[in-house]
Structures are given as C-alpha cells and as structure tokens.
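Letters A, B, C and D mark the chains in the order given here, with residues in each chain numbered from 1 onward.
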Amino acid sequence: MVDLTLEMAEKALKGAQAKARELGAPMAVAVIDEGGNLVLLAKQDGAGFLTPDIARAKAFAAAAFRRPTKVMAENYQSNPLFWSSLAAVQPGRLLPGTGAVPILRGGRIIGAIGCSGGTGEQDHVCAEAGAVAMGG
Amino acid sequence: MVDLTLEMAEKALKGAQAKARELGAPMAVAVIDEGGNLVLLAKQDGAGFLTPDIARAKAFAAAAFRRPTKVMAENYQSNPLFWSSLAAVQPGRLLPGTGAVPILRGGRIIGAIGCSGGTGEQDHVCAEAGAVAMGG
Amino acid sequence: MVDLTLEMAEKALKGAQAKARELGAPMAVAVIDEGGNLVLLAKQDGAGFLTPDIARAKAFAAAAFRRPTKVMAENYQSNPLFWSSLAAVQPGRLLPGTGAVPILRGGRIIGAIGCSGGTGEQDHVCAEAGAVAMGG
Amino acid sequence: MVDLTLEMAEKALKGAQAKARELGAPMAVAVIDEGGNLVLLAKQDGAGFLTPDIARAKAFAAAAFRRPTKVMAENYQSNPLFWSSLAAVQPGRLLPGTGAVPILRGGRIIGAIGCSGGTGEQDHVCAEAGAVAMGG
C-alpha cells in the first residue's frame, strides 16, 4: 500500500497551479488522501476567499466516489434526493461540483485533487493537470 | 489596496435604505468586507426578524463569487446540488439568492452589500443603489 | 407596548461608539430587540473581524436573561452545566460574557445592546453608555 | 495596507515545517489572512488526520483576537463558558488552543499561523518560527 505523501501532494499542487497560471484563472487547489483528509491546500493570489473550502469539498467528493466529479453530473440529475441528503451526512465536507479527480498510484486510488476559482471546466482541467504531474 | 471602512459602509447603507423607502419595502441591509466579514447591518422598522441574517448571507455569496447574486440564478438552476451543498460549507453564512452585489473601489472588489425584505428584484435594486451611493 | 425602532437603536449605537472612541478601543456594537433579533450592528474601523458576532451574541444573552451580562458571571460559576448546555440551545446565538446590558423604556425591557473589541470592562462601559444615550 | 500573499505564506510554512522537523514532531501548519480565510495548509507525513483542521482553527483564533493563542490560556480558565460558547458562533472555525500566533507586517496584523501535531508548546514554537521566517 502506498500513502499519499506531502511530497506527492506538492507535485500535484504545482501541476495544477501551473495550469491555472496558463489559463489566467487564479485558483485554490486541495489535495486529500484516501481517507478524505486534507494533506495540502493553497490559494493563489487573486482567488476568492471561499475557494479553498470549495476545492477541498470537491476533492472529498472525488475521493469518496472514486471518479472525477465531472462524470457524476448525470447521476446528480437522476438521483437528486440521494445527493442532497448525502451532503448532510458529513455536513460541509462534500460538494458535488465539476473540478476534482482521483489521484492514482499503481492503479489504486490514493487520494484526490480538487480545484476552485475558474469555470467548472477550468477547474477540472487544472485538477487533471495536477493528477498527471504527480505521475500516477 | 483599499479597505472598506465604516464610513464607506454607512454611505452604501443610506443609499440602499433611501431606495427601500422609495419602493415602500422596509428592508434589512448588510455590508461586508472583502473577507466576508460584517461591517454594518441595519433593519428598517417593519422588516421581518430574519431579514438581517438573510441580507448578510446574500452579501457573503456576492463577495465570495464576485458578482451580483442575481446573475448566479441560472447557475442555481443547472447546479442545484452544488449550491445546496455549498450552504453547508460555512453553515449559515452563505445564501444564494437575488439581492446582493459586490462593492467596487478603483475596479477592485472590496466587499458586498445585501438586502432582504422585498421581492428579489426589489432587494437587488436596493443593493445596487447602495453600491452606487458609495461611489465605487 | 413600545417597539425598539431603528431610530432608537441608532441613538444607542452612537452613544456606545462615542464612548469607545473616548476609550481608544474600536468596537463592534450590536442592538437587538426584545425578541432577540438584530436591529443594528456596526463595526468601527480597527475592531477585529469576529467582534460583530461576539457583540451580537452577548446582547442576546442580556436580552434573554434581562440583566447585564456582567452580573451573570457569578451564576456561571455555580451552574456551569446549565450554561454550557444553554449555549447549544440556539447554537452560536448566545455568548455569556461581560459587555452587554438590557435596554429599557418606561421600566420595560425592549431589547439589549452588546459591545466587543475592548476588555470586558470596556465593553460593559460602552454598552451602558449606549443604553443611557437612548434615554431609556 | 499589505495583503498576505501566497509567497509570504509559503515562507511562513517553510519556517514552521523546518522547526517541526528539528523537534521531530510532524505537524500540520495553516496560514490564514487577516479576514480569517485560508491561504495555505500542509500536513507533514506522520501527523494525524485531524491536525489540519486544528491548525487552521487555532490560527483563526489568533487572527480574531490578535494575539498568540498561548497568552489567551489564562483567560480560558477564568472564562470557560465564554470560550466554549464562542466556538459555536462560527461553527468549526475557531479553536482556542496553544499553537498559533499573529503574522505582522510593518507593525500591522495581516494574518496568523497555526500548528498542530505536537504538544501545545511545540505547536507554539513552530508557529513562532513560521512568523519569524516570514520576516514580519
């Protein structure tokens, strides 16, 4: 078993931040471990004050459901009661919104990365760039 | 960088209150700073007892997302789960509803003003009147 | 029956703010009505970002128990379980701390004023100055 | 007025992390701005999963009360009810515990740094090392 270390998280963070700079969209980037707990969170200058909490809660959703939050969107619409009730299971920790992807290592999910500050699509692209930068 | 002072907030409050009197819709008006923290909140006689908290939480949403809450409305409808879940991230602080706008100074957002007590459209008009009165 | 109007609250606020300036201790001042609901809240420049919430929650305690929060202090020590449980009855709304007094009109309590930003004693003196300024 | 940038926060983080390594006590370190909002948070390998939230909430307390949380300790003991009730005012955001200090720049408080993972005293020493490393 491989734990998501701070060193790995830093690589993912840098990858996501570089992509955000490229897009001109300052972001908060959160990296959590497979237990859903925070390892690293940084807000770039110019990103809104709520973006760190949003980035983290999106990453939590990606880790909990083991897929990019982007692909959960269809499911939200067909199961609204499930998802709205789910948000109350651990209040404030889970946010179903595009912009977070799992982090893999050797085919196994060891955490997730979430971004907030741009459009949903920009957030998703940055999260993916972070996961790739970690070399999963 | 410019801080939102109490004096600026008082100007915004007076502008919003004058518009509310003109509309015949007593309101609560809240002014918060760029970090989402309260600077000034006043409830006009006749406005309901929950309006101060609603005004404040709408202003929080406008400051966090840096746009009038009115223009977020389409997004609410396409992403209801995101918004309902988001409300739990900082419990009781954020309310996505028409009636709040950012406050600008020199092109930069330094806070937000939120109103509650009338229809959504009346709340929005009063918030805008407040922002204009501050001369941003 | 007399309601606490916004005009009365403004007088109380000004009285408390003047005393705070005299003491050189910038403060948040909150005025609530007899139902415990907010009428007016203002944070002077230089007061901390949490002072508005503290001022309000102290005023709530003074209104609920119909006495200055300062004189509740002995009771806290003899009934710790009561008071700590009480804080959970309306979570975050009630704060037992020196710095708030009831507002009277014709011998009847119609609200309360709470201050935060100085020492407990400074907060208390400003709250009293506010109540006096309202001419209760 | 000076904003706490991510670059400043990174310097503070590195200073605190270096001290934590020296002490052999892996820690979470959180840096927040003067409005109480998160800028940077990192958990060193080996620190417990709750340490990031604890570090952040201690930093919030130091920023809100503008002093090291360590010097608040006497006050906790004489006013336990105030502090336990205060924790509910902004739920989950404030933790009164040793291990966080304000960050100064030109004599003005622009944020705070909080640490969690060691003893209270170790946490405090690391937070101070972070503030010093930022060169306030």
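Heads up, the rule we're going with is that contacts are C-beta pairs under 8 Å (C-beta built on N, C-alpha and C of every residue); 3 or more make two chains touch, one makes a residue touch a chain.
Predicted, not measured: the structure shown is a model, and the values here were computed from it.
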(message) I need the rotation angle between the copies chain A and chain B from a CA superposition, between 0 and 180°, in steps of 5.
(response) 85
(message) Suppose you list every residue number at the chain C-chain D interface; are over half of them used by both chains (same) or under half (different)?
(response) different
(request) Go ahead and note the Å separation of the Cα centroids belonging to chain C and chain D. (result) 29
(message) What's the distance between the Cα centroids of chain B and chain D, rounded to whole Å?
(response) 31
(request) Just give me the whole-number Å value for how far the CA centre of chain A lies from that of chain C. (result) 42
(request) List, in ascending order, every residue of chain D touching at least 2 other chains. (result) 3, 33-37, 90-92
(request) Examine which chains touch each other and state the graph shape they make (line, ring, star, complete, other). (result) other
(message) Following the definition at the start, I'd like every touching pair of chains, please.
(response) A-B, A-D, B-C, B-D, C-D
(message) For the complex, give me every residue of chain B touching chain C.
(response) 3, 5-7, 9, 28, 33, 35, 37-45, 49-50, 52-53, 92
(message) Going by the contact rule set out above, which residues of chain A touch chain B in the complex?
(response) 48-50, 53-54, 57, 76, 80, 83-84, 87-88, 91-92, 94-97
(request) Please give the residue numbers of chain B that touch chain D in the complex, ascending. (result) 1-3, 33-37, 90-93
(request) Note which residues of chain D are touching chain C in the complex, please. (result) 34-36, 63-66, 79-82, 84-86, 88-91, 94
